[in-house]
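Structures follow.
What follows is a pair of complexes built around chain A, which joins chain B in one and chain C in the other.
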Partner chain A sequence: MGAIMIEYSHLVAHSPMLPILISLLSACIILLSRRSLKLTIIFSSFGMILYSVSILFLLLLVQDFPISYQFSAWPAPYGISFVADPFSLLLLSITAIISIAVLFYSILTIDAQKQKFSYHAFLHFLLFGVTGALLTGDLFNLFVWFEVTLLTSYVLVTFDSNSQQTRAGMTYVILNLIGGAFMLIAIGGIYATTGTLNLADLSHRLSQPDVYGISIPSVMVFFMILFVVFALKSGLVPLHFWVPLVYQAAPSPISALLSGVVKKVGLYAMIRIFFTVIPPTSISIGEISILTIFGFSLLILSFSSIVIGGISALGQNNMDGLLAYSSISQMGFIMLPLSIAALFPAVKGMALIAAIVLSLNHSLAKASLFLVSGHIKNSVGSVTLSDLGGMSTHSPILSISVFISLFSIVGVPPIFGFLGKVYLLILSSNTQSILPNFSILFISVILVGSLLSLLYAIRLWNTCFWGEVSSKVSTSSPIYLTQYSFIALSLLLVLITLGFEFISPLIEAASISAVDSSGYIDAVLYHK
Partner chain B sequence: MSQLFLALTIGSLFSLGTFLLLRRDLLKSILGVIIFGQAANVYLITMGGFSGTVPVLYGGENLVSTTDPLVQALVLTAIVISLGTTSFILVLLLRVYDEHGTLDIDRLWGQS
Partner chain C sequence: MTTLITKTAAKIVAPLIFVTSMVLFVQGHNTIGGGFVAAVLIVSAISLLYIAYGTENLTRLLNIYPSELNRKMLVSGLMLILLTGSIPVLFNMPFLTQAYWVLPTISFLGELKISTAIFFDLGVLLTVTGSLLSILSGVSR
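What follows is the complex of A and B.
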């Protein structure tokens, strides 16, 4: 019996493994229990609860410094490392919160037949991939987790296999396969030039390129290829065209998960590689460092995402399309502080806080809105803007929840999104002392982008929620229970706003650990 | 010589993949994507260099230098992943044909 007992110290030693083990195990158990709907739902919910508990456990365990885990106890640069630090844990907590809401919503709305047909298993496999990508400390391993996430998301996006989904799914799969091939090219090149794939070791070697004989121009090229791949995953503008197709075609809970969680994995990878791994100074040819190139490229991508996403969102005639384009535009807002951080290292700390706040806000609010859109699809039967109207008199609670999420995305005070926008504006004005002309450019793009978001938010609100009750809405059958999924998410937004002083240490720790290369190296290579 | 040969092979695989990818026929595009992925795999295995013998370590004193075994492990993983995605995309292709009755990209997107 003694062998089966799990001691607390073992649990602590293997803690970074817990979330991926739990999600993998629950996915497998769900696959085995597919004959019974009841069992599937019980195992799925139980697995999700265990998953959230394991993340909470990790969150309590990791205070300020990262903890690392070596698979099979192979020492650090040779074996595969897992690293849990405040930054990855913050994103994991958001993942857990959104997944709970999505699971609750799915259990109530997805057909029993489809739920039995491995829907829940794939949901947990998706969590498995996302968790792995957020915790891994190895570049090739990151590629593998990306592929795990993508493979399951292919299945979930085309889950009904109707004409719209197959067509959008095809575009999504082809684009991501090409992205995957490019990621392999970059990883192979980075391995050939630096001789390592462990992120901590990579960071260590890149800080002394002469000692390890690293050719700087080729490393820069390969990292920029990685940048393009991450931009594809997070749907920035020249690589954005899969976003509206997929988000409109996929089942609503899956769109919520994709926009709230999977997209943020691209953001996470970008921050981890370009701020944790790449040392700020040493990788440069003459005056131009890799962060300058990265910063300028990201600046152009985020500016065009903000403007093009915003304008396209204005022209949409259905709710899903509007939300999808809005998420392109918001991704631009999230990436903008990162480019400022890369260009102006003096304001790095604040820039990362702005990026993380905006990203949290967007994850919660957009997931909530996609669930609302699915709810309206189920009760009214259409999400075309002209079919909807007067929702606020017909279903007031739903409308309050939409109001909070929608205007949190726009950044209307006093909701959470406003804080993100304020940080962004303060940040832009802080670059004034470094390059005066730049800050005017930043501020004008941010204001134009916010104006566009306000316009599409008002358009959605006016046509769907105010005005005369349309015939489709008045004849629709109200559904009560599913409402709690998105009400919970928007309530959380309000709670975060009210209790920001309790959340801000977490965000601050996350932003510090995201740029703390030496802490990361110490944790992985020297187990400090 | 073998390096030149490999470089030419990888280059022609990438160009063939890109050419097929740009075709109107969805089946050809998918073949292009698959070839593109395989080209990346071949490229990846060249990244370990070709000096040394097969990476099998014999015991004893005369240990010889071997080629880097890590890239081979990486390529094996990448091949397994591409097996999964390839089979999925082929089934999806069949499904697209069932739903739309065409594999011509222009006609596929011309329908509402």
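What follows is the complex of A and C.
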């Protein structure tokens, strides 16, 4: 009995490190078992299950305050920290859920030769990178984990190595190399001006810039460079042109993973740096604080994303393209509450809840829709809108799943996305007491954006799922088993909506921990 | 490029590069050097031999199918990294914790420190060598 107790405490002590260890180990074992498809699939699924269990374990363990882990026992500001808090764990759970669906879908659809050719290994390496980025407590490590994620996603995006993928891959690689270089410059600058890279220590030092002799203008410039890099990763409008290229070219399960998981890492980094690390008041020149600059820039980016993404989605004649542009527009909706939170600190708590709810909704629904698009590509042979028609009579279960996900993204009541949009509208009207003109602007942009989303959703629904059965659809052979991957995701959306009171404490804890700098500092530097 | 001059030069330079890389590898745990630099040097030596003698000759000489070997090197390096990282966890110390022993004076070498980090470095060396060589053989085909 005693031995078991000790082992359980070991497990607790090492828990923040378990997910990355499991994903790396499963990737290595899969690389070794390349000869046999059966072994590869067994190890991959087993690794995925273990990974999800480890995250569930962490989720149960971390209730309100973050827990930290120091690699190689070097104490906090010097060694590498890993921090698991409710916010990162919420995103990790979504990562695990979407990856299970994607893995299930990939096993059934990717052809055997390609699965043997390290597809599964790269899937686990991608998880390895994402998990590291979500858990790390060190700015330079964040860069490294970003690179791990990107390197594996380069391979996965160009996995079929046809001309379309090579072209998209080139743009994606070059853009991210430039982004990575700028991120590295910014991190070097932050290290030179503040003398630390540990996020908790950085937050501590930035709250007393005079004591540590930090030059505020240069720190502001470097953080704004970081902001631009994160905007590139999450595909906001002036930096969005890689999104439609990559999402249309990549294999569908990879598009699902990119839009549902990898894009959210940029969002996570933005929230972590600008709300946890940067203290609300101390970094300012005169009246202008860094959060004001951040808030205004993000406001412009998210407004233009919502409008330009929505209009471009309307003009697409291909399901993948429509989903990709819709993803740009929805990313604008997710970022909008963040800019409100930066500009109006009084409504910060609610703004973060809105951002998290919208991001959860978008992750699940968009991943499900990309899997649907892949499924249609396999069964009908095309995702061009004019080739499709009458899918709802041909495959009703698929259509119900699409209906739920599509209209959850738009925010049609009573599905989950509606809650996000309601939070966003209440939030905008709450800013009225502070700056009345702004709240009208917010509400009108949200309404215009939602109207655009509704229009493209209806267009997709009307052309593909209603109307007469097109010749390609009627001759297509139905595939049953892969349907469960996206049905599960949209069913989850319904379940979350019905049981919102059960998951709202999780979302609330996540939003509180995302802005709780002192809790973060205490957990990492003082092990409270 | 397979002139007599390159062949002769490669014959002399490649062993020197190997020795330098080994020196860098061994001193890596507390001075400049380490698994990554050593691996890059090893790969540069091998690529020099490739250029001088051609890939086919070298493959026949070493009697191996290179891409298979490279992949094995890569995976075993990663496994070694994981293993050396995980052993401290079994003793309830954080992942990647290292230990070192100071060996008594051995004549001219002076005090010799042996650390467990050298196995980690060996893992890095194998991983980097394996991946760089597989890139090289992929590009040279």
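The definition used in the following text is that the second predicted complex is superposed on the first by the 522 of 528 C-alpha atoms of A that agree within 3 Å, B and C clash if a C-alpha of one lies under 4 Å from a C-alpha of the other, contacts with A are read in each partner's own complex, and residues count from 1 in each chain.
Note that in this section a contact is a pair of C-beta atoms (placed from the backbone, for glycine too) under 8 Å apart; a residue touches a chain by one contact, two chains touch by 3 or more.
Since the model is a prediction, treat every value here as computed from it, not as a measurement.
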> In the superposed model on chain A, is it clash or fit for chain B and chain C?
Replying inline: fit
>> Quick check on the superposed pair: does A:Ile440 touch chain B, chain C, both, or neither? Answer first, second, both or neither.
In response: neither
> A:Ser72 contacts which: chain B (first), chain C (second), both, neither?
Replying inline: second
>> Tell me which partner touches more residues of chain A in the superposed arrangement, chain B or chain C.
In response: B
>> A:Val448 in the overlay: touching chain B, chain C, both, or neither? Say first, second, both or neither.
In response: neither
>> In the overlaid three-chain picture, which partner chain does A:Leu25 touch, first (chain B) or second (chain C), both, or neither?
In response: second
>> According to the stated criteria, A:Met224 is in contact with first (chain B), second (chain C), both, or neither; which is it?
In response: neither
>> Going by the contact rule set out at the top, does A:Ser161 touch chain B (first), chain C (second), both, or neither?
In response: first
> In the superposed arrangement, which partner chain does A:Met17 touch: chain B (first), chain C (second), both, or neither?
Replying inline: second
> In the overlay of the two complexes, what angle sits at the CA centre of chain A between those of chain B and chain C, given in steps of 10 degrees?
Replying inline: 40
> Between chain B (first) and chain C (second), which, if any, makes contact with A:Leu177: first, second, both or neither?
Replying inline: first
> Of all C-alpha distances between chain B and chain C after superposition, which is the least, in Å?
Replying inline: 6
> Okay, in this complex, where on chain C does chain A touch?
Replying inline: 71, 74-75, 78-79, 82, 85-86, 89, 92-98
> If you look only at chain A, which of its residues touch chain B in the complex?
Replying inline: 140, 143-144, 147, 151, 154-155, 158, 161-163, 166-167, 169-170, 173-174, 177-178, 180-182, 184-185, 187-189, 191-192, 197
> Given the complex with chain C, which residues does chain A contribute to the contact?
Replying inline: 10, 13-14, 17, 21, 24-25, 27-28, 31-32, 34, 69-73
>> Looking at the complex, which residues from chain B come into contact with chain A?
In response: 21, 26, 29-30, 33, 36-37, 39-41, 43-44, 47-49, 70-71, 74, 77-78, 81, 84-85, 88-89, 92-93, 95-96, 99-100, 108-109
